[in-house]
Every structure is written in structure tokens, then in C-alpha cells.
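Have a look at the structure that comes next, please.
Chain nomenclature is as follows: A, B and C, assigned in order of appearance, with residue numbering initiated at 1 for each chain independently.
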């Protein structure tokens, strides 16, 4: 298929006396294949789309109506619209930028090759490539590795993610993820033991053993925050057993009547000391101590999956746009640009006022070609979507496949989708034919 | 009156030159960053294919920079003994080569007829072929699968080849007809006067002269068929599928055996890349001719 | 058609497990008496318990889903059959869609002689379409000798015997990371209450106790089925599977409430319910065994095929990864099962003899020795299996006697029990999202079931 139809030369008269049957012979193989495999299905699909699932009874436009009411079909249509609008325009915009920028750079050719190369790769391989990129675990997927990397440089992570008191603990209580507050008020003279659990063993490898708090001087409050879980089990609940580790760097606040009156941070051995203002207050361990690690973006989750797959398409096809546009650029007469520059226009103005208008026909061709291509997108969606989210990423071609060849087949509906796809390319078909006839009449 | 504009002009050009240099550097840096960014996904696939599956499942491929000892060819070794995938490469060749040849031969024949023979309805027929250029393959999937089923060739090599050939023809006829029409009339007439038959004319004059266009078409069709997934997915024998489908089968079957998939995917894209680099010019001219399915 | 893509995938995955399991264990060198590395089937000195006819010059085609190392193991079984009878046997891989494969071949007039149906539904479909041929008396005699009634019945339709279950799957296993158990100082729990208590302790130790792959709805149906089978008993299970009792039945309420003890407690599941809902099944396993000595989670529930996924991590099955039977909610631990049944498509002497052979302990023994296999054949000695993991899997299967049950969601219409984002899968995912709403989940399940069982 094409939209860049550029017929050249008039059809010539036969080279003297070709017999008709020879011409027929030359045409026969192509004619048979085209009629049987390309043309016949069009008619078949149109007829089949008016029949029900079994193919026995005529249902008129019921399939088409269902196409626009059924939830799965609607998702497919919605996504297809997003695809057709977003993917070609992004590809064309990037292609334009790349083509213009590479014009005057020494390594332009190499750059173009890098961008164009993905076009030689199968959509399937590209799908495999991008399902690796989008893996959720930041330790495995490069996209999330970058995102979490950036996130973590700008916001500090908490000291002990996930640490919490035992359920029904005697000392501490609080909502999930903190803050955890002591049930009773503390008083000077009796040190506070604040036991937590659920700390990853590997996070504790460098932690010091917890020590009993020393009595604080001057009426202050002392205490220890530690992991009340002895590796391998055993140990007394609420008591610091040997082998139990200290939690350093935990912020402890003394709260009286909802107001924080003093705060301290635990040392290497888990102990802390609060001034005497804390006497009679409840101790709170704010939630900021326990925030979970940022885990990156859910690229292939229901909301981002279509944009994520579109990005992989752009990766493949921006090069196509770039090459065509670069060829268009090369054919713009230098003198026109120079003339504009001499008239005092700056580069941006030259670009906007001269280059883009002159490129317009090429840009249209690129856009239309990509749109037709995107209309039929199948492989990328099929390969990248995790099974559970296929419905969220659904497009017409995938829906056609599922209805035509999946488990709950409905060839009537599938044919209706085929007809819709066909209707959508008919304008381009007409433009191609018109252009060709204009050329031949000339 | 005369000096002033000159000074302004000089300043302008100096300023724009500085801006130009700065801009030039920025542009270069931008392009390099973009280029690396574009390479990153494929590079990730290559690196993943060079790590064993335990490593792939426990950390990202970029850890090879700090621990290069992970790199191993074991996946490729395993691939060589993976019958399913090795057979699939052969199947892919068995599909790709005939489909390409058939399109070139059948397409040239028809294109020559359209360009240089006279028969009633010639222009209308050619218009019809052009109209078929944009027909999505999806339209044909269901009707043709049942047609082939009735003929008893559904899910065989033959059915895939037929389908690819048929859908490659509109573009082939269109491209070649335009190219053949440019052949100087005198050449053909001279040959004809020498007593060459129509067939001889075709094989000895038209085909050789059509070389560049045929090459572009061949490359294009080759890559298209090699990279195809959907048509093979439906029409190929699931017992001995081509590479794209075989890789997909591996993916669905074990879910996370990314070692096989990564190395298999990489092997499958080596041939297209080699073809692409070897015949870059023809490929680009194929693309330029509007050949994008 | 009953079989669905996903159910098929599961079967397929199960199939994939075998070789990896045997490989992993072989590599671990579990110190078993069988010193033959790789277990190359010591076909030569086999004792023969079954008499087979001489079939020189005949040849049959056997089709099955098995690929890779599994196929290799099965080919050893075929070789033994050839050796004993003189018949030639060719294995044909079917791909995932067995029903589709047989359909095309049948239409072309050249079906394989014998095919392995990976699900009861597929077997029944073959019978309904008239493709399957009943077995002869020699096969029946062998079946009576070696299989409990339950396994025989699964291969029969309307009182006629068609299938021989050669290979069985055990879907009632909890796999755990031994390092995490050791670190937390806990033992394998036997009952559900123990299980919850153990999970709590593991959670306190700093490791998430259970990894749930809730993004794949079928893992949730398997959770429910195991609890239900153990709590309500096999009779109720059968009734619910046929939708003879409603999902609003109090027994369903009890099972969901029990399941809620796990699903309702975020500290017991890796990342809580929101993460569980987003975790695909393979990831749920990786997370329990990566890295082996400091995993994110300690336990993961599913069938024997989990072994193949553990094979994809650095953990060693038998050392870092072990398993225990699904904890008993009622009196007994449940055994939810599945299996590959051999069905004859072309009735001839050789294919009947082949099924006779498959029903014998001799055939089971060959693959059992190679690992990655469990047989429902009660006369196969447990000691045949090469290692403890395999023995646990097979023993649970045999001990269940007639009380094992096939996967309920596989028996249900696909719209209810086997469709992504619909029916039971969706309803249980919604339940995982809001485990307090037991009544709401029951209502949803019943509405969907009523629609599907028509």
C-alpha cells in the first residue's frame, strides 16, 4: 500500500503487435492471486458482516451496532483513535526535527541510520525489546530504573521502610504505615522500650545490637527502638534479647495533647534521649520513618499501556518519517532559503515560513501513510500487553483476531470490524486513484 | 550613512555566528543523546541475551557494566540445540525466499504487460491494482483461512507463501510498472526488430533494465515477509512455525523464559539488519516509493 | 468449547515444569540412590507386569502438547513400547490448542492414532464429536487393576471408557523458601490456622509471607477451590462445580471468609492486596525465590509446575525451595488435580495396545524415574520417584484416593471459569480488592454463574 503514489511516464503503446493472449498470459498469475486472495475477501467480509455468529441468519446492521455498544469493542475503537491521532503525529514531528537538525551535522548520516534501523526489525522483536524495557521491577526494567533513579535523587527515602509494631502489641499502636504511638504516657525514670518488627533481614546486616536504654539525667526520657525479632525465632516479646538489632536514625517525638513537645533521633545502638519536657507525653514514631520505597511507574497497567506501546511504535517508525522528510528537505531549492535569510528572517522564521510550507506535501504523505499503518497495528499490542491487560490495550486488529480466531469466535462481528477497517482506508484509496488518473491523462 | 549598516551587519553576523556555534554544539549534544537513547532498547536486548536466565530474573542488564563476568554465550548455545527455534529459522527461509521470488516474477510479468502491452481495459485494471494497495491484510484473514481450509492447505507453508505473494503484488505491480514505463521505447523497438519474441524481450531487456527497481522491491518484500508475525500466526503450521511465531510460542508457553526469547529475537533480527545494511540504498528507495505496508 | 486459552496455558505450563524440575533436582544432586546422571531410563532390565501383543510392522502416531525435555522423556516411554511390541511409534506435537489441532487433522481425514487430552472438557468434546473411540477390555482390565475409581471415571463418558490418565498434576501445593523459613524459625504448617500463624511470624521477621499472583485470575480460583474442597468436602465441591448448589450457599461463605483471613491482611501478602492484584503469576514465584537467601516473600501457592519457574531463578528446588501440601482447612488437606488423558482416535490393535501399556505401572515407571512427572497409577511405587519433592507431590495425589477433584474452574463454562476479566476470575479479583465483602462476592459469583450455566 502506499499513499506516496507518484506514477511516472505515460503507459506506452504496445511494442508492435503484441498478441492479446500473450498479454493475458503475462497477467494471469497476478490476476488469479489478486482476485482470489485480495479482492474476494473484501466481498466475503462485507456479506459475512451482515450475518450472525453462526452465519445462518441475516441480521442486517446488528453487528455494526454491537461494534459500537459492546464494551470490549468500544475500548478497541477508542484506543485505535488514540493510536491513529497520536502515533503518526509524534513520528512526523520527531522525523521533522531530526531531519532538520541532521542536515548540517557531520555525523548526520550515522545518526539517521541509528534512528532508521528499528524499521528493519520485526514488530515482534520490537515487542520483545520493549516488554524488557517496561518491566515493572526497577531492578530489571530500564524505564523504571531511570524513573526511580530520578525520583530517589530528589526525595529522600525513609530509614526503615515497612517496619511496624506487632499486631496487638502492648506498647505501640497506630494505623498501617504509621505513625505509631505508645498506648501509655512515659515518665522520667522508666525507660521506654519501643519494639518494632517486619524489618528486612538484609537491611539489618550492618545494624548494631540493641542495648538497654540508660537512665536519662535531669528528668529526661530515655529509650530504645529495636527489632524485636530474633533471627531463627525464639526470644521474649517486648524484651531486648541477644541477637536483636537496633534501629538507628528513627525519629521519636514526644506528643502532649496533640502537640509535639520534643523530639530525638535514635543512635547506632537504637537508644534515644528526650529532654524533661517529654515527661508525661506519649511517644510517637512518625510515618516518615517507615515510608515504602518508590517502585516506579506501572507502564503496562491499564492506564498507561496504550501510550507505552505507542512509544515503542514511535521508536520504530520515527526513522521512516525522518528519511522521507529529509529527502523532501533536500529537494527544497537552496536559493529560496537564502533569499529568506537575506531578507532578515532568522532560522526559526525561515523554518516556519519557508521550509514547512514547502514540505507540506511530504508531511501529508508521511502522516497518511503512518495513519494507514497504525490503523492495522497488531503485533506490538499483542506481544507487549501482559495477558491480563490485553483488554485495556485492545485495538481493532487485535479484536478482529480474538473474534475471528480466539476462543469465543464470532466471525460476523469480526467481519464487521474488517469492513470498518476497509471503510477507513477508502478515502486514501480514492486519493491514490484520482492522482493516478490525473497523471495518466496529462 | 554608508558605514553604519556595515557595522550593524558585522555585529549581526558575529552574534549569529556565536549563536550558531553554541547552537551547533547543543544540536550535536542533543543528537548524540537521542541517538544513544534510540540504541538503548536494542542494546538492552543484546545484553539480556548474553546473560543466563537466573541473572536476567534477578537484576537488570545494565549490571553487566559492573559485573562483566555475567556475560555468556550459553543462551546462544542453548538456542543451537533448541530444535523448535532452529527449525523455525529454516521455515522462515522457506517462506521468505519463495514469497520474494514469486512476487518479483509475477509482479514483473504483470507490470510489463501494463507498461508495454495493449489490451482492452488496461488502464482500468491498473487502477484496480492501485486501489488494492491499501487493503488491510486483516480483511482477508477470516475469508482466506476458510478458503484455504476448504482447499486443504490451511496452516501449511504453501498457504503462507500464497498469502504473502498475493498481498505483495499490488505494490510490486505498481512500482515496477512505473519503472518499466521509463525504459526508452527505442531500446525495446530495436530488440523487437531484431526478431526477439515477447518473452525474450522480457527476460533479456526489461528485467535487466529493471534491476534497481526489482532490487528495491525484492529487499522490501524480503524484509516484510521475514518480519511478518500476524499472517504466519494464522496461516503457518503451528507445528513448524517461522521464527516470529516460534518466539511468540515460547513466550506464551513458559511465560518468563526470557533467555530463549531474547536470544531468539536477537537472532531473528540479525538477518534483516544485515540485509538492511547491505542494501540500505535499495531499502530506502523502496520506502521512498511509498512502500509501507 | 470448554477449554480456554488460559486453561490451556496452565496445562502447558504444567507440562513445561517437568523437565526443569528434574533438571534442577538432578543438578542439585539430591543424594538419591539412582546414580544414573540425567536418568536415561534404564529400559533394559525392566520388569514386565503387562503383556502386550506383537505388533511388528504396524505403526501409530501419538500426539501431545509436550515439548522440549518433556517430550524427550515421553519418547523414552514410546521407545519402550516399540521395543516390547515391535510397533513403530511417532510423536507429533500438537501445539497449545489440542482441540484445534485434532479438529484440523480430523477434517483432513488423517487424525493421529492417539492424542493426549489435557483436560476433561477436551476429552468430552472428542467423544461428543464422535472422534474418540472406546478402549477395549485389555485396557479396562489394566485400568481396574491400577487406578482408583475416580481416575477411571474421569476418562469415561456415559459409562463408556475412553481415556487413560497417564500423567497427573497436583495443584494443591505450597512452595516455600527454606531460607526464609529458617530465618523466621518456623516449620511447615499442617492446618490452615497454623498456616496463618506461621505467616504472621514470617511477616514479623521482615519477609512478606505469601506472594499472590492476583493479576492472573486463575490463581485466585485455585486458592478458593483448595479451601472449598478441604472445608466443604468433595460432595459439595462436585455440586458447586455443576452449579447444583448456588454460590450464595453458606459453604461458599465459609470458604471465602477463610480466604479473607489471608487476603484481608495486607501484612500477610507481599505488598498487600494492591500489589497482589498487579502481580502476574510468574512474578509471584520469582519474588519468593530471588535472591534465594533474601527473598521478598516466603511462600507461594500453586501446582507442581511452579518448579519450572523456580528453575528460572537462582534458587535450587529441593534445597532453597521446598513444598508442603495445601494446609487442611477441614479434616483433610485438599488435592486439586489435573491430568493428561490418552484417547484413541483411530481404533486399531496398536493404539489399544498402547493404551494398555500406558495404564500399566511399567509405563509410569519410565517417566517417573526421570523426574518431573506424577502418575495417578496407584501401583507405581512412591520410591520410584527420584527425590523428595517428587515424592511429596505423587504421594499426596495417591493418598487422596477418590477424594481428589479436578480443577473446578476448568469444569465450568469458559465464560465463567476461564475468561480474563469476567466471571469467577473477575469476581475473585474483586474479592481480593475488598475481602470484607463476602456477601457481595457471593452475589457476583452467583449472578455470573447463573448466566454462564445455561
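We take it that a residue touches a chain if its C-beta (ideal position, glycine included) is under 8 Å from a C-beta of that chain, and two chains touch if they have at least 3 such contacts.
Owing to the predicted nature of the structure, the values given are computational and were not obtained by experimental measurement.
Novice: Among the chains here, which has the CA centroid at the largest distance from chain C's centroid?
Specialist: In terms of C-alpha centroids, the chain at the greatest distance from chain C is B.
Novice: Based on mean C-alpha positions, which chain is nearest the centroid of every protein C-alpha shown?
Specialist: A
Novice: Looking at contacts between chains, which pair has the highest count of C-beta pairs?
Specialist: A-B
Novice: Measure off the straight-line distance from the CA centroid of chain A to the CA centroid of chain C, and report it in whole Å.
Specialist: Centre separation, chain A to chain C: 35 Å.
Novice: Where the CA atoms of chain A average out and where those of chain B average out, how many Å apart are those spots?
Specialist: 26
Novice: Determine the centre-to-centre distance between chain B and chain C, using the mean Cα coordinates as centres, and give it in whole Å.
Specialist: Here the centre of chain C sits 43 Å away from the centre of chain B.
Novice: On chain C, where are the residues touching two or more other chains?
Specialist: 280, 283
Novice: In chain A, what residues contact two or more other chains?
Specialist: Residues of chain A never touch two or more of the other chains.
Novice: Give me the residue numbers in chain B that touch at least two other chains, ranges are fine.
Specialist: If we look for residues of chain B contacting two or more partner chains, we find 57-58.
Novice: Where on chain B does chain A make contact in their complex?
Specialist: Listed in rising order, the residues of chain B that touch chain A are 16, 24, 27-28, 30-31, 34-35, 38-42, 44-45, 48, 56-62, 106-107, 109-110, 112-119, 122-123, 125-127, 129-145, 147, 162-163, 165-167, 169-171, 173-174, 178, 181-182, 185, 188-189, 192, 198, 201-202, 223, 226-230, 234, 244, 247-248, 251, 258, 261-262, 265-266, 268-269, 272-273, 275-276, 280, 283-284, 287-293.
Novice: Spell out the part of chain A that touches chain C in their complex, as residue ranges.
Specialist: By the definition above, chain A touches chain C via 136-137, 162, 164, 166-167, 176, 197-204, 227, 229-234, 298, 301, 386-388, 390-391, 406-408.
Novice: Which of the residues in chain C end up touching chain A in this complex?
Specialist: Residues 1, 3-6, 182-186, 200-201, 203-207, 215-217, 266-267, 278, 280, 283, 294, 414-415, 418-421.
Novice: Taking the complex as given, what residues does chain C use to touch chain B?
Specialist: 9, 12-13, 16, 67-68, 92-97, 101, 104, 107-108, 280-283, 286, 290-291, 308-309, 312-314
Novice: Where on chain A is chain B touching in the complex?
Specialist: 1-16, 18, 20, 22-24, 26-27, 29-31, 33-34, 36-42, 44-45, 48, 98, 101-102, 104-105, 107, 110-111, 113-125, 128-130, 132-133, 139-142, 145, 312, 315, 320, 323-324, 327, 346, 365, 369, 372-373, 375-376, 378-379, 382-383, 396-397, 400-401, 404-405, 411, 414-415, 417-419, 421-422, 425, 428-429, 432-433, 436-437, 440
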